[in-house]
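There are two complexes below, and they share chain A, which is joined by chain B in the first and by chain C in the second.
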Partner chain A sequence: MSAAATAPTATSSTSAASRGILLMLLLPGLVALVITFLLPLIWLLRASFASSTMSAFGGGDLTTQSYSTVLFDPFYWRVTWNTLVLGFNVAIFAVVLSYPIALFLARTESRFRGVLTALAVAPLLTSSVVRTYGWMVILGDRGVINSTLQSLSVTSGVIKLTNNSFGATVALIEILMPYAILAMLSGFGRLNAQLEEAAAMLGANRFKVFTRIILPLSLPGVLTAALLVFVLAISSFVTPRLMGGGRVFVLGTEVFNEATVTLNWPLAAALSVMLLVLFSSIILLYQRALRALEA
Partner chain B sequence: MADHHVIIDNLVKTYPGAQKPSVDHVSFSLPRGEMLALLGPSGCGKTTILRMIAGLIAPTSGAIRLDGEDVSSIAVYKRNMGMVFQAYALFPHMTIARNISFGLEMRKVGRAEREERVRKALDLVKLTGLGDRKVSQLSGGQQQRAAIARSLVIEPELLLLDEPLSNLDAKLRDEMRDEIRDIQARTGVTAIFVTHDQDEALSMADRLAVMSAGRLEQIGTPREIFDRPQTEFVASFIGAGTVFEGKVTEHGLAMVEDLKELRFVGDAPLGSPVKLMIRPHRLRLLTDAGQPNRFSGTVEHIVYRGQTLTLNVRCGSRLLQADLPTHAGMLPERGSTVTLSVAPEDVTLVGQVSP
Partner chain C sequence: MQENALLARITWNTLITLLYFFLLAPIIIVFIISFDTRQYLAFPPESFSLGSYVKVFHNAKFISAFWRSLIIGGIVGVVAVSAGMLLSLSLVRYKFRGRAVVNFLILAPFLVPHIVLAVGIMLVIAPLGLLDSYPGIVLAHLGITIPYTVRTITMSLMAVDTRVEEAALVHGASPRMVFWRITLPLVRPGLIAGGVIAFLISFDEATISLFIVSVKASTLPTEIYHYLEYSTDPQIAALSVILILISVGVVVAVEKLIGLRRAL
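Up next is the complex of A and B:
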């Protein structure tokens, strides 16, 4: 509170010299961003307009051919649609499953809170490739679930749980849950035990306290988590590829295919730009929603 | 006592794992419409008592009676008490009007009546027309008023206030002090507030309950607490004072080492050791030679405070603090000798010295 109040006066009184120091301090970061983010992005845009893989980084004619493929080929419409569906499903389930965990971690007064938080996000320490293989062991045709069901004679045949979008969705939900928990924990700043006590004193039972106080106040955190999980899900490649067994087509896997298998770099670049456009529109929606929440 | 509105009966709270109870067999009661201050240093258990009355924590043992009925096992949301939190705890995602109307919505009060009662509550706390504001658009004092309106609009059996003025600056604090007192008097609600500030307690409350280390030290009107403290803790916690130990040599007279003899009013057996306290502002510069309780000493330190002059006078081995009203011509100097006196009625017997 006091820091926020003094900050504007501090900046207005800064001289040109200290502004110079500020710029100097920002410089390394800016340079790194330009080299690692801005320049590759410009190359990507350039490549998406190239006529062939050979001329992706210079020379040759510029053409919008890759974009007409992406925009008018029904296959890529389906790929984009698949990607969005996967993203929404993963975001919704990951957020719903993570919400109670994050709420517990935010509200607990246990001295093990730090340990529990670390445990909740510990899966991040393992590569998502390893965790995807883990899910293949569980969901595979001869995996834990199928063999258990068969040995109990519940089912006779194999239930297809992998090599389809179901398997990819399940694995992505679990893999992205730690991100959802972390995002929600940092977004639950407005939650406050005293507000819940105040509501209870005014006659609200536990259910009403949750629906009228906790839920509305935690929505910014929920939105942030949903956005983060959605963005990570639609850009994911390893999990849809491995769990989908080559039968799940999303933008991530298609970019990989065009770049490494078909060697059509302009198309891969155009698909990447498509993904970027999706990201930006989702982020715009998110900011609208957040502003509406805070108003 | 038995017909009092609120009766706190032998309330005990021991937290799990704690050696000593945080609240140790505390009993007191309030008639309808009274304002009681729970006063004590931090950690004395006053907030724990308030939260037990509210139902936010469960007592280990004891009863909380409202109109004779024990409410200590009734859930917090069914108790119908209003609480003003130290940090106000206004809901940040609602307007002021929605905040105030929240308790009425929980009680399923119809929309038209809700709006009418919210409007009246806003009028009561002088926030007329500010109902549509967001919480963050209100100043600290306004938020305080909104919190009071929110807790009063439900017409609570009992109003509880937790350190109600501690988040306000000094000027606003004086204003809100009168304001809260006025609102409480107008609504006639029975109220208990917690504070560590003796000025706040003395000026706002009908009666004070002074607490120390989980126990109730003394309960009484501000005047009783200030002028007739029953324990040394109460004497030293409320107001300043210099405490002397002495021995009673005849009725109302004690021999005190540094002041020789000190006359006091109060009952203490002959020959018993006593503690006597002199408040700085009850000392006078001696004018009439015939007065009892005269002490001469050297002025060691002078602080000019405008309305009063604070002198630290060395009497034997002790420093006696005196707050004297200033007037033209009264200019004692450092190092000069002055004679002070105090009326026997103003010497407070604060307790027997344990032998």
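Up next is the complex of A and C:
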């Protein structure tokens, strides 16, 4: 880095030298972002119209064959449906289970508040592969739940909790909960204990305080959390693949399969575009909902 | 009435405890099972020993993948912080046309699912011969880490009083000296936090890595993933505990430096 590039100019100036500095500041980061973000999306779109993996990098005829596979093959209807069902189930349960924790963290006056917050979001910083393994241990055929039930003689056989969508759903709920908690915590700023006290003093019971004051005020945070969990769930593949044991088919697992096993890159690209469209429409819907809520 | 309040309080606290237990269950269970040494997955452990940890340290595949992950994470951290520092300087200290575009480019990777980015990056670097290579995986991780470093560094940079820099300039310090002696030390918490987060994301990332690397540049999460496809023995639990301890160490460090919630 040159000395000039480091000049801490406090205000905007339009001299040529200053423009040169600006360019040098911007260039490395922008080049990295273009190569790792912008180009990949353009290449993805191009590859989704390629006729074969060999011509996925340009050249060759353009065809909509991959899209007609994605849109008209009943197998991919099933896959898309599975993906949406997984997303909804995970979003609903993750939000319901995270809500009390977020509410608790937002208003506790415990001196362990910092530790408890860290504990709630710390799982975010362990690899999802590791936490998926944890759920394989808990839900597996010889795992915690099955062996406990058997030793208590509740069941004699094995209850199938993994290698199906149940296992994938449970694991994803837990894995995505920290995101929900974080999203709610930053959305709970409008909650106000004095308001609740006032309502209680005026004769509202606990239930009424919750439904009339706490819930409406925390709804934007809840919506954000639900959206975040939903979009992360529909684009996940490590957890559905490992917990599903190859028997759970969602968009994520199929993209991975086409990209690395079948090596049908145009189809992998078309499925990714499909996922991206789904992703963006959900975000747009969310923005509409949020605006309606605030109006 | 008072009894009712007490009951409600107890119910509420029990609920919170149970939810915390659910949230931390996989980590707790992995910790317990890591002291088992049987060849297959079963609960509860028959006996407690450090056998699985010994096995991990003798597993050449895991050890070399661990070092690779460490090196890749380190490079990603340094590059993402450097690029992030420059981008933050330009965004905080300059007003220029196209600023909105730059801001959007920095935020946009948050809005695209990792698996979609993964396929795209694979398509970009495959013809360059960078699949399963160090430059390939470092590049792949830069796009998802630079947004975080820009965020932490921008926050630190905005808190810097520019009058301090001006004062140093007036008193004869060269711009280079001001940058190294004043600006950089003042934003150090943001730099360290950004670097640590970038390292951790790279170190733990599995989705994008699985598309980019296979054998030569495989990282620890991808090795664990491939191992789990065929076997679930306690060796993975021991390895997981080691990884979790590294993460916890990093979390504690970040919390001490700038506070976890601000960093994320």
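We adopt the following convention: the second predicted complex is superposed on the first by the 260 of 295 C-alpha atoms of A that agree within 3 Å, B and C clash if a C-alpha of one lies under 4 Å from a C-alpha of the other, contacts with A are read in each partner's own complex, and residues count from 1 in each chain.
As a working rule, a contact is a pair of C-beta atoms (placed from the backbone, for glycine too) under 8 Å apart; a residue touches a chain by one contact, two chains touch by 3 or more.
Values in this document were obtained by computation on a predicted structure and should not be read as measured data.
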| item | value |
| --- | --- |
| Which superposed partner A:A292 touches (first chain B, second chain C, both, neither) | neither |
| Partner chain in contact with A:W135 - chain B first, chain C second, else both or neither | second |
| Which of chain B and chain C A:A198 touches, first, second, both or neither | first |
| Chain B versus chain C as contact partner of A:K208, first or second or both or neither | first |
| First (chain B), second (chain C), both or neither touched by A:L38 | second |
| Touching partner for A:M177 - first (chain B), second (chain C), both, neither | second |
| Partner chain in contact with A:L30 - chain B first, chain C second, else both or neither | second |
| Chain C versus chain B, contacts on chain A by residue | C |
| Chain B versus chain C as contact partner of A:I283, first or second or both or neither | second |
| Common interface residues of chain A - those touching chain B in one complex and chain C in the other | none |
| For the chain A and chain C complex, residues of the former touching the latter | 3-4, 6-10, 12, 18, 22, 24-26, 28-30, 32-41, 43-44, 47, 56-57, 97-98, 100-101, 104, 114, 116-138, 140, 142-144, 147-148, 171, 174, 177-178, 182, 185-186, 206, 231-232, 234-238, 242, 252, 255-256, 259-260, 265, 268-269, 272-273, 275-276, 279, 283 |
| For the chain A and chain B complex, residues of the former touching the latter | 190, 192, 194-195, 197-205, 208, 212-213, 216-217 |
| Of all residues in chain C, those that touch chain A in their complex | 8, 12, 15-16, 19-20, 22-27, 29-30, 33, 40-44, 79, 82-84, 86-87, 89-90, 93-96, 102, 105-106, 108-109, 111-124, 126-127, 139-140, 142-144, 146, 150, 162, 165-166, 169, 174-176, 178-180, 182-183, 200, 203-207, 210-211, 221, 224-225, 228-229, 232, 236-237, 240, 243-244, 247-248, 250-251, 255, 260-261, 264 |
| Chain B residues touching chain A - in the complex, by the definition given at the top | 54, 56, 75-83, 85, 87, 89-93, 102-103, 106-107, 150-151, 154 |
